[in-house]
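Before anything else, here is the set of structures, which you'll find just below.
Shared chain: chain A. Partners: chain B in the first complex, chain C in the second.
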Partner chain A sequence: MKNKYIFGSFIIVVFLGIMIYLFTQSNIQYQDDFTQVMNTTKTVKATGSWVKEKSYHHDKENNTFTFYMVDGNGNEMKVAYNGSIPNNFETASSVVVTGKYVNGYFHAKDILTKCPSKYEDEQVRTSTL
Partner chain B sequence: MVGTIFLVIALAFSIMAMVMYYLSFKGYRNTLNYARISYHGMVMFIIAASTLLWYVLLTHQYQYNYVFSYSNNSLDTGFLLASFWGGQEGSFMLWLLITSIIGVILQSYTSKRKELEPQVMAVFTLATTFLLVMVSPWFKNPFEFIWATPMFLDISSINPLYLELPFLQSFFFTDNNSGAGFIQMNSELQGLLAGSGISVSQFIADGRGLNPQLLNFWMQIHPPILFTGFSMATVPFAFALGALMKNEYKEWVRQAFPWLLAGMGILGLGIMLGGYWAYEMLGWGGYWAWDPVENSSLIPWIVGLAGIHTLLVQRKSQSKGGIGKFAKTNLILCILTYVLVLYSTFLTRSGVLGDASVHSFVDPGNIVYFFLLLFTGTFLILGLGAIVYRWKWLTDNTQTEDGLLSRELALFTAAVVLLASGLIIIVGTSAPIFGQSVDTFFYNELNLPIAIIIGLLNGLSLLMKWRNTKTEDLLKKSLPSLGISLLIAVLIIVLGGIDEILIMLLVFSMAFSLVVNAEIAFKIIKGNKKMLGAYVAHIGIGLFILGVIGSSVNSQQVDVDLVKNETISAFGYEMTFTGWKPIDNNTKYSFNIDIRKGDSEYQVNPVMYVSDFNNSLMRIPAILTLPTQDFYITPLGYDEGKNSFVNQGESVVLEKGGRTDFNGIFITFTKFHLSEETMAAMQEGRDFQMGAILTIEKDYKVEEIELLRKQISGKVEFTSFASEEFDIKIKLINLTASNVEIALSKIAEEIEEQIAQTQEVLYVSASIKPFISLVWIGVVVMVVGFFISVMRRLKESLSR
Partner chain C sequence: MIAKAIALFKKDYHSELRTRYAINSLAMFIIVAISVILFAVGQEKLSEGLAGGLFWVVIFFTAMSGLARAFVSEEERGTSLTLQLIAAPSTVFSGKLLFNIILVFCMNTVIALLYAALFESFVIKNFSLFVFAFVIGNIGLAVSSTIIAAIIAKAGAKGTLYPVLSFPILLPLILTSVQLTLFALDGTSIEDAKFELAIVVSYDVVMLTVSYMLFDFIWKD
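Showing the complex of A and B:
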């Protein structure tokens, strides 16, 4: 009877240990300050918005999509994404890119665009007030 | 207004039913009838409100915010009916509607089984009460009028007849960025319109419509099935809490079992239909992305599955007369299954996931957040609190220890392993609440060993006897199956070229599970067919996991440029892009790709279109399904053959004021050059030219240049610019009203001049998914297995 519990708790401890280890390994933090993004070598999820005024283009040969993002404090960074322009990109209210900042630009392996379902409200509210 | 009243009446009935059921449980004699009448009254008003919601959607009554926000005139009947659950309010309505109807079946079910009804239905009506509060006028009411909270309507959605109304002018707004016009809809405007005898439904001519990602056949099927699964999870919860109220733990197991099985069968189907939808339509390239919304419905399913296994042990061990083994575990699991359904709703509807998910709803407001938290918290505290309160009654002392090699222990271990998997997913999915997030390899790497253990356990447990098994018996029985599965596994590993040790183990474990289940199923197919359920379900899961291995481990992907009428080969498929045609009233473009594989010829049609809803390019993949694999083509873009270059260097699109850099040279598009003469020429259709002024700067050297778009007798030509000093060649490729596209290269690089004939190019991403059909077949087989079990357990629940 006692052995059963010792064995059980041993398994649980090992399992939790592995899970916590992998959690820290695969952990990706959200970061909305680009100066932090540029100063870390870890993979992060950088949240900000797309700088529509700056050029963006899709290089068909290498299938790379590049654009600029800005954070809440006005820090800008160049983002390169290996893939095509995501759906909804043009109307995205905010963009979340997952990747690393290396050699002067952010290498994104994943882009998530958020479009508020009532996006028109948002848009107008900011411009009429 | 009527709809809201219906819902409020239904809420009153629901509370009434809850109180009356509770009083009946407390022993009052004549309250049961009132309880039943109230419950059915509630259901009738919910059905009436739902019918009304469908009616206002079908008749385009845009004075309702919900109808305006989630439907429009161009939707056909099927999608209009589906727009019922297109938004948050409606999906709560759907959940409520299905739950209330399931309650009717549950009421009849419990009334036929002695003394179950009052306590089970009292708990069940608590759930309907919470759902009704959710859709009540204070929270997410689908019948809210559009003017209740001021909102901006796009001018194009207003009936043009009324745009000239004098009082309307003070409600106009213009967005300074886009120049789009809006009308502010509020109660003041509604009053003024009513004063002139115009109803809001006349005033608004069209709604916003459904998100284009929802415009898919499965939108009409997946949500109702998923919500049926969610709703059915309420039932085992009600049985468990009812048992705790009554302090009687024997009967409920037998009664709740068919419900848990049916609920999990349907929820499993619903989850994977969502996966199929994503695969077929959303162009993720797969069916599962470990997205929080997918995960959050998977968690209760896994916990429910664990519950099925331990409930089985309790049922079996009750033959000794006591309440059976794992009484506490089963109560906890049945309670957690529903609480996790609620938690899933909390995660996806409250906005806590925010940036983390593609399909989480956005910012529903603080009040909804707290209500959902309260909803989830109430059921969790009620359930676990009751267990703590009754703790000392929950141990069955008549039970003896089982041997290490008993089916009981194997089933319990299976439940524990499943729960571990559930814990992994819940930790990863909840991480965004704390500003963290995990990479998908977190889920993959942790669930892989779990899947291996599950396969082995599944096979072994069926070879073990209840209570205890002699080691040599087990060895003798398992040797043939082990041999056969080893053979199959080696075959799959060699043919599939699998080189990872864990995947090899998984293949073996699944083969073992399949062989044992198939063997037993084959034996009993001649005898008692209703016993087949578990084996069929496990065969389904085995096939499913083999499909997952095949389609993910061996999936390959490549991006190709399909020049029109040129054949390009990828993975043994010869693709030829032959042209496109407009479909759906010229709103979408369907691209024809002829495919040759061996001697067979096929045609597939990926589709692209720009959606009015969100002004974005939508891409719908095309899938060629062959017996052993799918060939999956996602369109990426299309070039209609404007001036193409063999080597066009780097091409950039610049908006006015936009800037780019090329080898340290900054190029800024400063302005358009458009003379009045040009404008006149344009209007008269004469030859004309337009210019784009660019500045190039390098190391403090600045030069301003102009590139021209010339239209000469209908033909368009573009000029280019070259500078030795800057070592740059700039070629204008296109010039539109809003931007310019230029090609940049170094002087030394050869840019071929404009080619005479233009080329149409379709850019696609092509991939192969070997044996993905096993994923779908596996799910169907599994669901069939669930329902065979439901039939058997339903019969058992009636027998005495």
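Showing the complex of A and C:
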């Protein structure tokens, strides 16, 4: 009878541990390397910046928005998003897109834009008095 | 012990066919919940994420409306003392669990078929993943709801206590199952969903072990 509880608690602790470990693994992961984004079929959050030279295109009939993104290593990919252009898109310093890479372009479900902070790059003026 | 558990299941099955209490309440709930969702949605096209989430909302509340009967009915008819005399606690639990598993499977199959028929965005692209997730999710739901039904059977306000007590226990199962349903609707491969599947399998194992260990104490008091 005692053995039953010891054995049972052992099973519970082991599987609870596995469960908690897997819970931390299963969340959508950030990915800032586009070669890995292109090779996985999972939904990821790809971070990079908008390629201003290639501009963007908004198709009003299908309500799709396409643009090009580049990561830190210079890998480019095409991103398509079903919806209108997000606010502050043109001034954004970096963009996070959630979705997955299928058939040559990234299907974004969500776009987050990061705005340049106004508390940066201010030159410190020294007094000339 | 297994023969006794099956005999107990048969007894539950026959008394259920006579009164049809659980079947009726489950069927009514499914019809009401799905028609309310249909009216609320109207002409709008549901997104896949919303359809997968609503699928589990209906499953959770349907389970809450009908599965408590397993032990509440024994308590109401005053037959629980007789049951304690003739069978060991684990046998009673096995019989009740078998009954609830079959009830959950019937109920969820009906819900899944209705969803597939009524919602155009509920199209399962990876059928084997959906079936796998469906089976292990249903087992987890049945195990948890049976043990909670045993806990609340002797309490006063059974109707409100049951969902309140079930919610935190079922939360990890429901969150992961919603994710798995989304994967099945998206067409993700089983290989990519292995973490979520493993979570549900370990949830089933944990709940089954906990139930068999604690049922002795719940049943004897």
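Here, the second predicted complex is superposed on the first by the 93 of 129 C-alpha atoms of A that agree within 3 Å, B and C clash if a C-alpha of one lies under 4 Å from a C-alpha of the other, contacts with A are read in each partner's own complex, and residues count from 1 in each chain.
In this section, a residue touches a chain if its C-beta (ideal position, glycine included) is under 8 Å from a C-beta of that chain, and two chains touch if they have at least 3 such contacts.
Please read all numbers here as calculations on a predicted model, not as lab measurements.
Participant: Does the superposition put A:Ile18 against chain B (first), chain C (second), both, or neither?
Facilitator: both
Participant: Of the partners chain B and chain C, which touch A:Met38 in the superposed model: first, second, both, neither?
Facilitator: After superposing on A, A:Met38 lies clear of both chain B and chain C.
Participant: Identify the partner contact of A:Thr47: answer first if only chain B is touched, second if only chain C is, both if each is, neither if none is.
Facilitator: The first partner, chain B, only.
Participant: Just checking: does A:Ala80 make contact with chain B only, chain C only, both, or neither of them? Give me first, second, both or neither.
Facilitator: Neither partner.
Participant: In the superposed arrangement, does A:Phe89 touch chain B (first), chain C (second), both or neither?
Facilitator: Touch partner of A:Phe89: chain B, not chain C.
Participant: With both structures fitted on chain A, tell me whether chain B or chain C touches more of chain A's residues.
Facilitator: Of chain B and chain C, B contacts more residues of chain A.
Participant: Can you give me the overlap between the chain B contact set and the chain C contact set on chain A?
Facilitator: 15, 18-19, 22-23, 25-26
Participant: Note which residues of chain A are touching chain C in the complex, please.
Facilitator: 4-5, 8-9, 11-12, 15-16, 18-19, 22-23, 25-26, 41-42
Participant: For a test of understanding, state which residues of chain B touch chain A in their complex under the given definition.
Facilitator: Its residues touching chain A are 69, 87, 151-152, 154, 173, 175-178, 182, 211, 213, 283, 355, 358, 361-363, 401, 420, 423-424, 427-428, 431-432, 435-439, 441-442, 445-446, 559, 561, 614-619, 636-637, 639, 650-655, 657-660, 763, 765.
Participant: Can you name the residues of chain C that touch chain A in the complex?
Facilitator: Touch list, chain C to chain A: 172, 176, 179, 188-189, 192, 195-196, 198-199, 202-203, 205-206, 209-210, 212-213.
Participant: List the residues on chain A that touch chain B in their complex, please.
Facilitator: Residues 1, 15, 18-19, 22-23, 25-30, 43, 45, 47, 52-60, 63, 84-85, 87-91, 94, 96, 112, 114-121, 123-125, 127-128.
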